[in-house]
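You will see chain A twice below: alongside chain B first, and alongside chain C after that.
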Partner chain A sequence: MKFIIQRDQLMDSVQDVMKAISSRTTIPILTGIKLEAHADGVKLTGSDSDISIESFIPKEEEGIVYIEQIEPGSIVIQAKYFPDIVRKLPQNTVEIEADEHLKVTIRSGNSEFHLNGQDADEYPQLPKLHTEDSFELPTDLLKNLIKQTVFAVSTVETRPILTGVNMKVANKELDFVATDSHRLASRKIPLTEETENIAFSSVVIPGKSLIELNKILEDTQENVEISVTENQILFRTKNLYFLSRLLDGNYPETSRLIPDQSKTIVYGNTKELLQSIDRASLLAKENRNNVVRFQTKTDNQLEISSNSPEVGNVVEEVTAKSIDGEELKISFSAKYMMDALKAIESDQVKIEFTGAMRPFIIRPIDNDQVLQLILPVRTY
Partner chain B sequence: MNTWSDMAMTQPLVSKMLTNSISKDRVSHAYLFHGSKGTGKLAIALLLAKSIFCKNKELGEPCNKCKDCQRIETGNHPDVHKIIPDGKSIKKDQILHLQKEFTYTGLESNQKVYIIVDADKMTNNASNRLLKFLEEPSKMATAMLLTENSQSILQTIRSRCQIMSLQPFNPSLVQEKLQEKGLSGANAKLMAALTNNIYAAMKLSEDEWFANARKLVVQLVEVLQAKPEESMLFIHNHWMPHFKERDQLHQGLDLLILWFKDMIYKHIENEDAIIYVNHMDKLEQFSMHWSRQHAIGHLYKIMEAKRKIDQNVHPALVMEQLTLQIQR
Partner chain C sequence: MAYRIIFHVDMNSFYASVEAAYNPNLKGKPIAIAGNPEERKGIIVTSSYEARAKGVKTTMPLWEARKLCPDLIVMRPNFNRYRIASKEMFKILSEVTPYVQPVSIDEGYMDITDCEQKGSPIAIAQALQQKIATQLDLPCSIGIAPNKFLAKMASDMKKPMGITVLRKRDLPVKLWPLPIEEMYGIGKKTAEKLNQIEIFTIKDLAHADPPTLKRLLGINGERLQNRANGIDPSPVDPEAVHDFKSIGSSETLPQDTTDENEIRKLFRHLARNVARRLKRKQAVGRNIQIMIRFHNRKTITRSMKLPEFIEDEEEIFGAGYALFEQHWNGDPVRLLGITIQDIAEKKEIAQQLDLFTYEVDASKEKLYKAIDQLTDKFGKNPFIKLNNPIDDDEPRTSFQKDFLDDYRD
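Then we have the complex of A and B:
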């Protein structure tokens, strides 16, 4: 294998794939970066077995030549040293060559490195994904989907399946759902005609992978292609492939949890609510569950209060746009409420309650796509 | 030992059982391989893993050439998880990691294999965690537990595994093989008594430390017999500086056990079984001094000392106590 490449392009790709590489891995080969040279470009792969990132550097793009003198082949290089070497090389072009004894030579200007490589055959084979089972979403929409749901995944491993986000396709809608059994976040988007015949119906993507994906994707209008196989999911942008393993098992049925009628409906300004709950939570933090109290009053007034006997208490009145239905006193976790309000991304919210001991849902006023559900806390 | 037919030479019973279950596609969800050191537990486990993953197997024999086989051999297969004790025991975190692994789908296929080396070294916490997914096996996972002492594994774990007992090799067979490799008769006999693993035996016989250890053991017995009042000095000046590590001390005591065994053989006139053939004269002399009953008593004492070392008793104290007990 041999090629001469622009250092900046190589550096960008190395940085991308390094995000997947973990120093604490049980499989020795995964401490390396796989380099593959093909006639049309060079592909780098990094993996910690949960997620794998592939970055492709094309031979040329828009008339600019990035790579020259490609001799096809592949090798695995130690990820501990390679990025630093590339960063500190003296010149803008890098020549990388691997011989049949797995020796890698990196040349740039007058400096020359010799590294011991590993056999690329030892590297895990990532599944070949078929493009016919895929669909496309704009990157910024996907990032939004992730942001609005992933915070609600469970962080404890007692029910491993809940550490993931359930992605399912039903009724021409794509639905992302995450829950830790105390709260639930869901976001639906309508699917276009061409994506109707998607082969999968429901998969669970680990929350950690989605957080990582969100970091890597840039905020653009360009499309991300998503394909699902039996055991992996692939998110593909132009030159970056992000693969994640899936969680094994059946996701609990969540649609029954969402109440379909309500006794009290509160309309209010998202920002005002968020800020007053944030203030009330300052004193609630000492408390175990971070609990704040929420009470409806006459004249569209809401009272938000919190009390921790050893610290003090706080009471705040907020004016709602309107309050319909029965009077209500309810307590809930301020953290969950704040997370939910932040994820709404709308100026006005509608909160539907069905009694003090029943879960309540928060939605933006103008659409049904985002739904946040929170279980109240029982207080005496 | 890369094929089942090779394996059948040394472990005929287990190989037969496993090849049958492979060819009938009835591989159990959990196996417990137990057998003494060097009986090829890990080799069998890896072979079984290859048979599960290899795509071009013929009559249950893995090809040893494909990527899957090679990566299992080098430990790089992403769906084969090997757990070895981290320090003295297998910790809860290691099993937790495994548990997390099992909530994910496989990287290349949905078939997974996990191999737990020295499974008796699991902490209680770790064993109970492991039990959780031995009890509810997923269809595509195969567990292989390796141990030298199946009795110290939790009863509840044992009952959920198919137990495979590996036969210890015949010492005379090992001795023959070692002699073929160029060891002297006496040496080969000693090595065969200590280990079943040809490779380990060869390494041991070339080790200078071990040669000195043998000398020290004979010297210790001499001191104990001739000048018991000096035995404490001997322990502190010569024995302890040489046997610094716990493993080394175990080896020293193993050698001592062989010596007293020889003494018993001498008493019952089974001279073929004697291992220290180079020291026949001394054995003769000492067997006058220590009766058969004494020798048996000493063997118990040495075993007791070995147990104490495992229980973290200070090694110097263990040795002092042992020498006092043997003097009498």
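Then we have the complex of A and C:
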């Protein structure tokens, strides 16, 4: 195997597939990156058996040549060293060669590395998905769906199913839902003609997979093809193949837990609220749960405060656009509120409360597709 | 409730027995553990059976005990030893069943209803008693009964190293003849009250007129009467030890005093103790109670509801001393105590509600709201739980229950 490749292209692909590689894998060869040279380009593969990523670098694209002098073949290179080597090579082109004794030579300018490789035949075959059940979404929209929900997945394994994002189809809508049982994030999009014949109804994608996927996907309007089988999901773009296992088990039915009526509604400026809560939480960081208190006052004033007996306290007034309904005094985690306000992606928010001990809902003022729900903290 | 088999395991003169286990030379000799053998405030915390035979009693001043028993060996308490022994003892109990409820350093309940395969209750009790005797060199008495109250009464009937079975049908013979003040749960004050309505024995209580009892003792009267009739549905709750309701510390002054500096110093010291224990429990409290015992042993307790949960020494001292100044009549003081009540664990104070369970908490929202409104109106929580007034005159030792879960580590 041999080829000469543009270093930047190689670096991007290496970084992508590295997202799947874990040093703590039980299959030793998975600590390596598989390189495959074909006549039309080079493919890199990384996997930890939960996530597998293939990144393809075409020989040439839009008239720009990325790879020259390709001699087909394949090799597995230690992922511990390869990325740093590529990053620090002196020239913009890199020559990579592997011989029949699995010795890898990497040349760039006057620099030459020799590495011991492993036989690519020993690298596990990635499962090929056999499904008709696929649909397409614009990449930037998918990234949004992920960003607005994945932060709310549970990070503890007590209920493993909650470490994933529930992707479901209902009422001609695609809905991403994540909850760690203290807050819930949901984003819906209407199904288009192309997407409305999706056959799956509900799957749970590990949060970790989506976080990595989001890092790799570029912010473009090009489509991602999404294919779902019983236990795996595949995201495919032109040069990327991202395969993740799905979580086993039934995702709890969350829609009935979302209050459908409210007693107090606050309209406000997202950024002002966010900054105010951020300030109040400065002192709350030390205290038990990073709790801030939120209170409605007259004349559309909101009081946001926090008290840490050992440190001090902070009180801040924020002017809301309007406050309708009953008076309210509620306490909640500043972190959850900030996460939610950041995920709203709208200048103005509407916050609906149903009482100090019930979940409240944050939505963009003009958009029902995004919903953030937070459970308050009960204080004395 | 289905038929249960409950043990009450009571270590016999625990501190003195532990000392004798550490130093076998002490065996068979009159030993007393006293707060401070040198100073006057030394009172007997516990004593061996040999000392008791000479008339030495718990809470007796040291000089009096020495007079009764001139060869009395007086020792300072080695709390650490007792703690270790206690932990080992509960470990042995928990080998029989996980349903062990420690109630103090030297006694606990066990529910052995489901231990049939380990033998008859008496065989289990004998094996347990033997094991504690051989492994720890400590004596204990075990009461076997269908509920906690009867088990507790039973363990008291034969000491040391007794095993007593108390069945319901034994009540008329074994329980009812006992004087009312020997009934578990009845202190001096309650006994006096009961005496006024001609109740002198447990039998009298068992057959008393329920409305009269209720007028006299409230809801507790009903419970006590049930117990006198052998009814006690309370379960053996291994977690009960966590349900601590108060944390306190009290201490006798070296001399009766009116010196405010002395008093402040002791309050400071007590506040530090309480703050340390609160911290250890990760708890805070918002009710403070002080106890003042005067030179003539007259004792008063005064408490105050606080606007905020408190936890540190400064806050406890401040609130406690303010309360003292308010209620001190200037008479010489012999003993002082501070107790923080209405205790909550810190994590409960800011309890993050859960999406899947919030309905349970939210269902009480109206109640909390009502309490809030009444608090606004009346200035303090009108639903605050009444604390049982301290019935006996016994100063509490520095033992708290806050380590009784150690044995599970």
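In the analysis below, the second predicted complex is superposed on the first by the 286 of 380 C-alpha atoms of A that agree within 3 Å, B and C clash if a C-alpha of one lies under 4 Å from a C-alpha of the other, contacts with A are read in each partner's own complex, and residues count from 1 in each chain.
Throughout what follows, a residue touches a chain if its C-beta (ideal position, glycine included) is under 8 Å from a C-beta of that chain, and two chains touch if they have at least 3 such contacts.
Computed from a prediction, not measured in an experiment: that's the story for all the values here.
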{"item": "Touching partner for A:Met357 - first (chain B), second (chain C), both, neither", "value": "second"}
{"item": "First, second, both or neither for A:Asp50, with chain B first and chain C second", "value": "first"}
{"item": "Which superposed partner A:Gly249 touches (first chain B, second chain C, both, neither)", "value": "first"}
{"item": "Chain B versus chain C as contact partner of A:Glu327, first or second or both or neither", "value": "neither"}
{"item": "First, second, both or neither for A:Gln125, with chain B first and chain C second", "value": "first"}
{"item": "Touching partner for A:Asp40 - first (chain B), second (chain C), both, neither", "value": "neither"}
{"item": "Touching partner for A:Glu173 - first (chain B), second (chain C), both, neither", "value": "neither"}
{"item": "Contacts on chain A seen with chain B and repeated with chain C across the two complexes", "value": "none"}
{"item": "Interface residues, chain A side, partner chain B - complex", "value": "26-30, 49-50, 121-125, 127, 157, 160-161, 163, 206, 230-232, 245-249"}
{"item": "Interface residues, chain B side, partner chain A - complex", "value": "67, 70-71, 74-78, 81-82, 96-97, 99-100, 102-110, 138"}
{"item": "Interfacial residue positions of chain A with respect to chain C in the complex", "value": "179, 181-184, 252, 254, 257, 287-289, 291, 309, 331, 333, 355-359, 373, 375-380"}
{"item": "Complex contact set, residues of chain C against chain A", "value": "286, 308-309, 311-312, 344, 346-347, 349-356, 358, 361-362, 364-365, 368"}
